[in-house]
Structure formats: C-alpha cells, structure tokens
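Below: a set of structures, written as structure tokens.
What follows is chain A paired twice: with chain B in the first complex and chain C in the second.
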Partner chain A sequence: MRMVMAVAVMTFREAVRDRILYLLLAFALVMIAAARFLALLTVGSEVRIVADTGMAAIAFFGVLTAIFVGVSLITKEIEQRTAYTILARPMTRGTFVLGKYLGLLMTLWVNAGVMSLGFVLLLALRGDPILPVLPALWLTAMELAVVTALALFFSALATSSILGILFTLGLYVAGHLVWSFPLLAGRLGPGWGTRAVMAVYYVLPNLDRFNVRAAVIHGDPVPLEFIVLQTAYGLGWVILLLLAAALAFSRRDLT
Partner chain B sequence: MKRRQAGVAGLVLLALVLVAGSQARLLAQPLTEDAGRRLLYLPNGRFLKVASLGYPTFVADMIYLWSIQFYSGYGNRVDRFAYLEHIFGEVITGLDPRYVDPYLVGALILVVEKQDVESALALLDQGIAANPDDWLMPYEAGFWAYDTAHDFDRAAEYFRRTMEIPGAPASTRRLHAGMLNKKGDKVTSLLLWSGILEDADNDRVRTTAANHVHDLQIDVDVARLDELAVNFLGLRGRTPRGTGELVAAGLLQGVLLDPDGRPYVFDPVTGKASSTTSFRLRRP
Partner chain C sequence: MRSSDEPVLTARSLCKTFRGHLSMGRTQVLRGLDLTVYPGEIYGFIGANGAGKTTTIKILAGLIHASAGEFRLLGYDGADPRSRRGLGFLPENPNFPGYLSGREFLDFQARLVGLDRDRRRRDVDRLLDEVGMAGRADTPLRKCSKGMMQRLGIAQALLGDPVLLILDEPMSGLDPAGRRDLRDLILAQPARGTTVFFSSHILSDAEVLCDRVGILREGRLALEGSLDTILGPGAAAWDVTATRAGGLAAGTGTTAISRQDDRVLFRVEGEAALANLLDRLRAAGAGLHSVTPRRLTLEERFLDLEEQGARERHEERAP
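For the complex of A and B:
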C-alpha cells in the first residue's frame, strides 16, 4: 500500500504541473461564472440556467481533464522511459497502475472540488438552494472515477496517446448513449441484431445514469438508495477497469 | 533587428485595420439573410438529445437562450415565425419535455406576435401532456382561450383541469365558474359560485361571489320561469300574470321570489319573465 501511495502522490504532483489541467480549470470557472450572465438573457428559468450551466461545466471539463490527462499517464511514462526506472524497483505493474489511478483521481477530484466550490459560491451569492445540487455533484465525481479508470485502461492498452484518447472518448460517448440501445433494438425487431444490440447494452458502462442534473433542475428528489446503488455501480466498474488495465499493462512488452 | 520589429509592428497594424475596418462595414450592413434559412437544418430535439451526449438539458437551455435573442432580434421580418413551433415544440421541448418556460414563452410569442392562438394552445397542450402536475400551463391556456380565442368552452375546460392540480391558485375556481357563466351554463356556474361563497376566506372574494350568486340566481330563475310560462300557455291559452298562477296550475311548488325577496313579473304579451331587482354586476 505504501508503494501505491508513493506512486499516487508522485502522479498527483506530476499532474498538477500539467498546463492542460489549469487551462481546463480556467475554462470551467469562466463558464460557471458566465452562467450568472447567461441567466440575464433568459425569460424565466434563471435558477435553472445557472444550476444547469454550472453542473454541466463541472461534468464536461472534468471528463475532458480525465481523458486528456488520464490517457497520457502510462503512455507518457513509457515514451519518456520513466516507467522503466520505477518498475525496476520491487513493485508489481498492478501496484503501478493502481497508484497512477489514485494519483490522477486525487487530481481530478481536487479539480472538481475547486469547480464545485466556485459553483456553490455562485449559488450562495444568488441565494439559490445548494443542497439539491449535491447529489448531482457527487455522482459527477463518481462518473469521473469511472472515466479515469477507462482512460487508464486505454492508456495501458494503446500504443499512443491519440489512440487512447479516441478509444476513451468513443466509449464515453457510447456510455452516454446506452439509453438509446433498447430503442434501437425495438426498431430492429426480433433476431440476431436485437440480441447483439442488447448484449452491448448490458456490457457497456451506463454513464448516463450518473447524470441526475435533469432531476435536480426539475426539483425532483434523488433518493439516497439510488445514490448508494449508483456509487456501488461506479465502484464496480472502477475495479473491473483497473483489473483490466493491470492485466493489459502486465502483458505489455517494455523491453 | 529594428527593421524586423518595425515590420512586425506594421503587419500587426495592417491586420488590425483589416479586421476592424471590415467588421465596421459588415456591422453597418442591414441583415438581409433569410431568418428561416438559418433554422432549416436545426434537427428535432429527439435527435439532438442523442447528439448532446448526456447534456440534453444544457443544450435545451442554450437553444432556449438563443431563441429568445433570435425572436427579439429580427424586428418585423415576415419569415421570423417560420420555424417557431419547430423550435419551441420540437427542438427545445424535445430535448427536455419537462422544461416549462419554452412552452409558456413559445405560446406567448405565438399569440402576441404571430397572432396564432390555435398553435399556442397546441403547444401548451403538448406541455400539459408532458407535465401533468404543473398548473401554470393549463392556467395560461385557459387565459388565452378566454382572452384571445373567446372560446369559453375550452377556457372552462382548461380552468377545470387547472383546479384539479395541487398548488393551483384559488382564483382558478372563480375563473372556471366565470367561464361556465360566459358559455351559458348558468346552473353549474351558480353551483360553483355558491361553493366559492361558502368557502370564501376574505371579504373581497365573499362580496364578488355574493354578487355572482345574486345575478346568476335571477338568470336561472328567469330561464326556468320562461319554460314554465310556455307550459302555462299550453294549458290555459294565455300568459301567466305571476308565479302564483304557476303554483295554482301545479307547475311550481311555491311562489318564487328573487334573491332580494321581490316577485318575478311576466310580460303579458310575450310571457317572458323578468326581475324587478337590478343586477349587481355589469351585464355584457
């Protein structure tokens, strides 16, 4: 565990030096602040516009950071040959992958925390309710955990960062379109096509279920049971993806 | 080195002149493009939902914001309403069917700007179907049906639906009773106003309800007496002289007095009943 934490801390220090992190954070904060001005352009729905824009900015820029920083984690270590020095120590590749993951997740959650703080401050200044947005922020953090694991998996698998980014983006998009698969299956009618679509439906991580922003802006309650189950669902995917990433990285020829 | 710096500075200056100069000329030109053409390829909200990649409500917000600027920025162009129903009824509300404001604002633009109350009511019907617990849309639809379409039947129905939704303002009950009166269903309207009078919790509502009950009672009584006068004519071959004769003929159980305790009178020629009491409310 000490090894894992050592890699995690090292990854965190390395990630916070990445300029793209600050660039995306700045964009997100500007967008959250812009929500205040966007609300001036609307007829009604000011609270909705501010809340929706803020939550969407946190989720969108959080995911972008997870993908762009996450994918380069292992590929960069290999390209710069720093992985060789680290792995020369008495450390398994699984430990390395887990440490990398925790370090990046720490970075992303700190990043998301800063964005959330800015958002909550904005809501407080306007006198808008803060409590209802908390489930959405937590589930966004859980989605980031899954996307980070996904990015790390492709980072361990792909030979270049570009490929890793494309694969992760592709799965992120598919993960948000999972809800439409049963509709597609309904159109196809009975047969192999439907079975194949439904198989993909069950196999892909359903990332859209982490999105409770619509419920929050419509004032619907988000039950605690749902939050707990969704957190468990996210944790399950993180474990699966990290195991797959460790396996992929252990089979990678670094000689 | 200095020559190079001067060259770069000159290039920057040239670029700035080009950008600022052309921009100033472009902004001075009147908007000639076809407003509808800009919206021709705006897809249906159901497809945009797929393309929004998990951000359908945010995309709905952005298109809603854009639509408000669009409809306030095209002056009196004839084609500015070409895609109004598409934008509000399909794009924005297709992305987020529970977004109430686009239904309300879309209906408002359709009624006030396009003067198309039927499309406005259709848009509000769509919103009511998607948001059955929201009282604002049937309330608004009732108002447009009454105020603009003068369709009291539909207005009464919208207000009836509004009344059934928790949180609807108490005034909806009065509006419903008023619409029934306007469409000619005086008996039901009297019943509703009597209920409102019973439940009134302030003097203003109590006085209003009492005035309506007073006038409607006269209307209902007069209508009933007119029917009985026809029956009386059939029996006796002449018009009745008072409600006492209707009682004597077995057509009425007791002498009927108006809400102020005065007797109703009959026109000796036409047999039409009327009250000697003045109505409290202005008659249309």
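For the complex of A and C:
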C-alpha cells in the first residue's frame, strides 16, 4: 500500500502541475457560469437550464480529462522511460497500475469537486435547491471512476496513445448507447444477430445508468437504493477493469 | 574468489526473442546466457552494440520477460518482486519526470524504497552531494542535462544501501570529472557491502574497475573470468626504446617498430627475446631509454574475440 500511495501522490502531483488541467477547469467553470446567462434567454425553465448545463459541463470536462490523461498515463511513462526506475523497485505491475489509477482519480475528483462547488454556489446564489442535484453529482463522480479505469486499461494495453483514446472514446459512446441494445435485439428477432447484440449488451458497462441528470432536472426523486446499487455497479466495473489492466501490463515488455 | 558464497545473481540459459509487429519476424537477442555474480565483486558486462547487454539488464530489473531460462536475484526467483528488494538499478540513458526537481524525484524513489521521513531527508541530501548535484537539487529535471540525469540516476540507484547495483552504461553522458567520480564511487561499493554489475562499452573503465568481466557475443557469454584469466597474468611483450642503436638489426621475436635518427623502438615478444635484445644492445654500446611491459588490453582481447566471431560466421556461410 505504501508503494501504491507513493505512485498515486506522484501521479496527482504530475497532473496538478499540468497547465492543460487548469485550462479545462477554467473553461468548465466559465461554462457553468454561462448557464446563468443562458437561462436568461429562456422563459419559465431557468432552473432546468442552469442545472442541466452545469451538470453536463462537469460530466463532459471530467470525462474529457479522464480519457485524454488516463490513456497517456502508462504509455507516456513507457515511451519516455520514466517508469523504468519505478518498476525496478520491488513492486508488481498491478501496484503500479493501482497507484496510477488512484492518482488520476484523485485529480479528477478534486477537479470535479471544484467544478461542483462552483455549480452549487451558482445554485445557492439563485436560491435554487441544492440537495436534489447531489445524487447526480455523485453518480457523475462514479462514472468518472469507471471511465478512468477504462482509459487506464487501454493505456496498459495499447502501444500508442491515439489508439487508446480511440478505443476508450468508442467504448464510452457505446457504454452510453447500451440501453438501446435490447430494443435493437427485439427488432432483429430470434437468431445470431440478436445473440450477438445481447452479448455485447452484457459485456459493455452501461454508462447511461450513471446519468440521472434528466430525472433531477424534472424533479423526480433518485432513491437511495438506486444510488447504492449504481455505486456498487461502478465499483464492480472499476475492479474488473483494473484487474484486466494489471494483467495486460504485467505481460508487457518495456522495450 | 568467493565461489563458496551464495551468488547474488545467477542466470541459467536465459533466452529472449523479440517478435515484430503483429508477431511477424523474430529477433533472437539472448541465446542461452549463463551468469553468476558473487557478493562483493565488481562485474563488468561487456559486448558490442546489439550483443544483448541492455536486454539482459532489463530482464534482471523486471522490465522485460525472458522467453526461456531462469534467473535469481538476492536469493529469490527473478519473477518474484522481492528479488528486487536490495536492488539498485540504473537504466541506460535514464529519464525522469521533468516536472519534478532532483530532490523531489529522489524523495519519491526513497518512498518506494520504504525509507522513513528522517532517513529520506538525510539520504537524499547525502546522495545529492555524493553525485555532485547538491547545487542543482531544486532545478526542475526538464532543465537538466544528460549528464545531470545520469548523476541523479546513480543517486536513486544508491538509495536504501542496495546489496546489488545493476548499472546499464553508467559512464554514458558523463564528463571526464563525472567519470572519475563514478569510478571512485563504484570502487567504494564492495567495502559498503554492495556488489556491482555493470555494462559498458568503455573498456578502459571496465579494465580499471572490474574484478571479473563477462564478454557477451551473439546472446551468449563468449568469455568470462578475472582480468588475469582473460588477459594473462603478466606481460607477454615489451616495448624497448634504445638510443645509439640505429645500426642494430631486429633479431628473433623482435620487431623494430620505429626508427628516428639513432633512436629505435623495438617490440619484443617473450622473455628470451627480451634478454637477447638487451645483451645485443649492451654489446653494441647502445643506450637503454625504456623497457615498458605490454600487457594485452581488454580492448585488444575484445576485438580479437569479435574478429574471431566474424571469421567463424564467414566460414559457416562459405560453401
């Protein structure tokens, strides 16, 4: 655990010294603030516009950072040979992967925390209720945890960052469309096509389950059981992806 | 030698084959390498470019996997991370995160070694001083030269008082003063209880530093032993410089390498020929300027081996 934390802290330190992160954060905060002005252009649904734009900005910039930083996390260390002296210490490749993951997740959650704070502050200034948006913010944080693990898996597997980004983006989009697969299977009727679609349905993480923004905006309550279940679902995927990343990375030669 | 002690490093029949893109094409780099390094020795691992030195070292450091064979480090199987507990490792052309300073980088490495806060502070300061980086300790690494990176790489390898140091081309990138300092540092290690295994293509350094050397050729050890074993215990030839010897002919086992006015440089092979030449110089009334024993250098031995290898390959190809 000592080594995991050392790698995590170093990854966090690397990320917070990256100016691009601040640029993204500033841009996201501007977007959240802009929601206030966007709301002025609409009649009657100001609260919805502010909440929707704010939460979407947090999710979008969080996922963007997770994918672009996450995919380069291991490939960059190998390309630049900075991992050599670390991996020659008495640690397993899994320790390294876990440390990198926790370091990036720490960064993303701090980032998302700052954005959420800005968003909540905006709601408070407008006198809008804050409590209903918290489940949506938490589940966005869980989605970030899964997407980061996905990006890290491709970082451990792919030999180039571009390939890793393409695969992660592809799975991210597919993960948000998974809900429609049973509908597609229903239209296809019995046969190999249906089986294939359903196989993909069960293999991919259903990322849309972390999106409760629509429910929150429309004032529908998000039950605690659902939040706990989704958190467990997210953690399950994180563990699975990290194990796969550790396995892929442990077989890899650092040439 | 320390053959009764348990070796700190053993490798048996180590093989490594790299596969090309999409598993097409194979390059066999190591072809059954055997190595044994005993505690307290300085072992030089020598070979031409592409002989497999860095591949071997990367396998030993756990960075790449051997295709076949096995190795043990410090009493553990090489696949077990515990085998790297007492290991200090310097990769070839080391690179470290540019956003850190030298001090921060060493502190991070010291955390990985498991040193507590006080020891980290003490050891980091001491090692920065030992490698001549105390004055640049807080410079961001992205602003450091190759030589400075090399010095920091050596410092991180020495963290936690390792039992075994594996250094890949440690002299690379260092200026003459840096090379001298590193030579002194390596020579001081056995007294600290540290065994040193290093690769180098600078054979004169290896000759000065090593108790034993292994010469790697085509993925196997072509020659291994102490310098005395490899180069012979004493001089096999002498260079004799004589004055007023312009008219003296070279005899059996003697070659006149250069003649300038009445000053002649003879190369003499064997003790009998040397005695004969000295007698003839005395008889001719020549002046004896110098007699310098000529020991075979590691470089000459290495080049001999390379030439021998090239001849063998040529003969194999010939119909």
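In this section, the second predicted complex is superposed on the first by the 254 of 255 C-alpha atoms of A that agree within 3 Å, B and C clash if a C-alpha of one lies under 4 Å from a C-alpha of the other, contacts with A are read in each partner's own complex, and residues count from 1 in each chain.
In this section, a contact is a pair of C-beta atoms (placed from the backbone, for glycine too) under 8 Å apart; a residue touches a chain by one contact, two chains touch by 3 or more.
All of these numbers come straight from a predicted model, not from anything done at the bench.
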First, second, both or neither for A:41, with chain B first and chain C second: first
Which superposed partner A:80 touches (first chain B, second chain C, both, neither): second
Which superposed partner A:6 touches (first chain B, second chain C, both, neither): second
Touching partner for A:187 - first (chain B), second (chain C), both, neither: neither
Contacts of A:195 with chain B and chain C, given as first, second, both or neither: neither
Parts of chain A lying in touch with chain B, wherever the complex brings them together: 38, 41-45, 48-49, 52-53, 56, 59-60, 172-173, 176-177, 180, 207-208, 211, 213-214, 217-218
Contacting residues of chain A [partner chain C, same complex]: 2-3, 6-7, 10, 13-14, 17-18, 80-82, 84-92, 251, 253-255
Chain C - residues contacting chain A, complex: 18, 58, 61-65, 81-85, 87, 89-91, 93-97, 99-100, 108-109, 111-114, 153, 156-157
Chain A-touching residues of chain B, taken from the complex the two chains share: 50, 53-58, 61, 64-65, 68-69, 96, 98-99, 101, 104-105
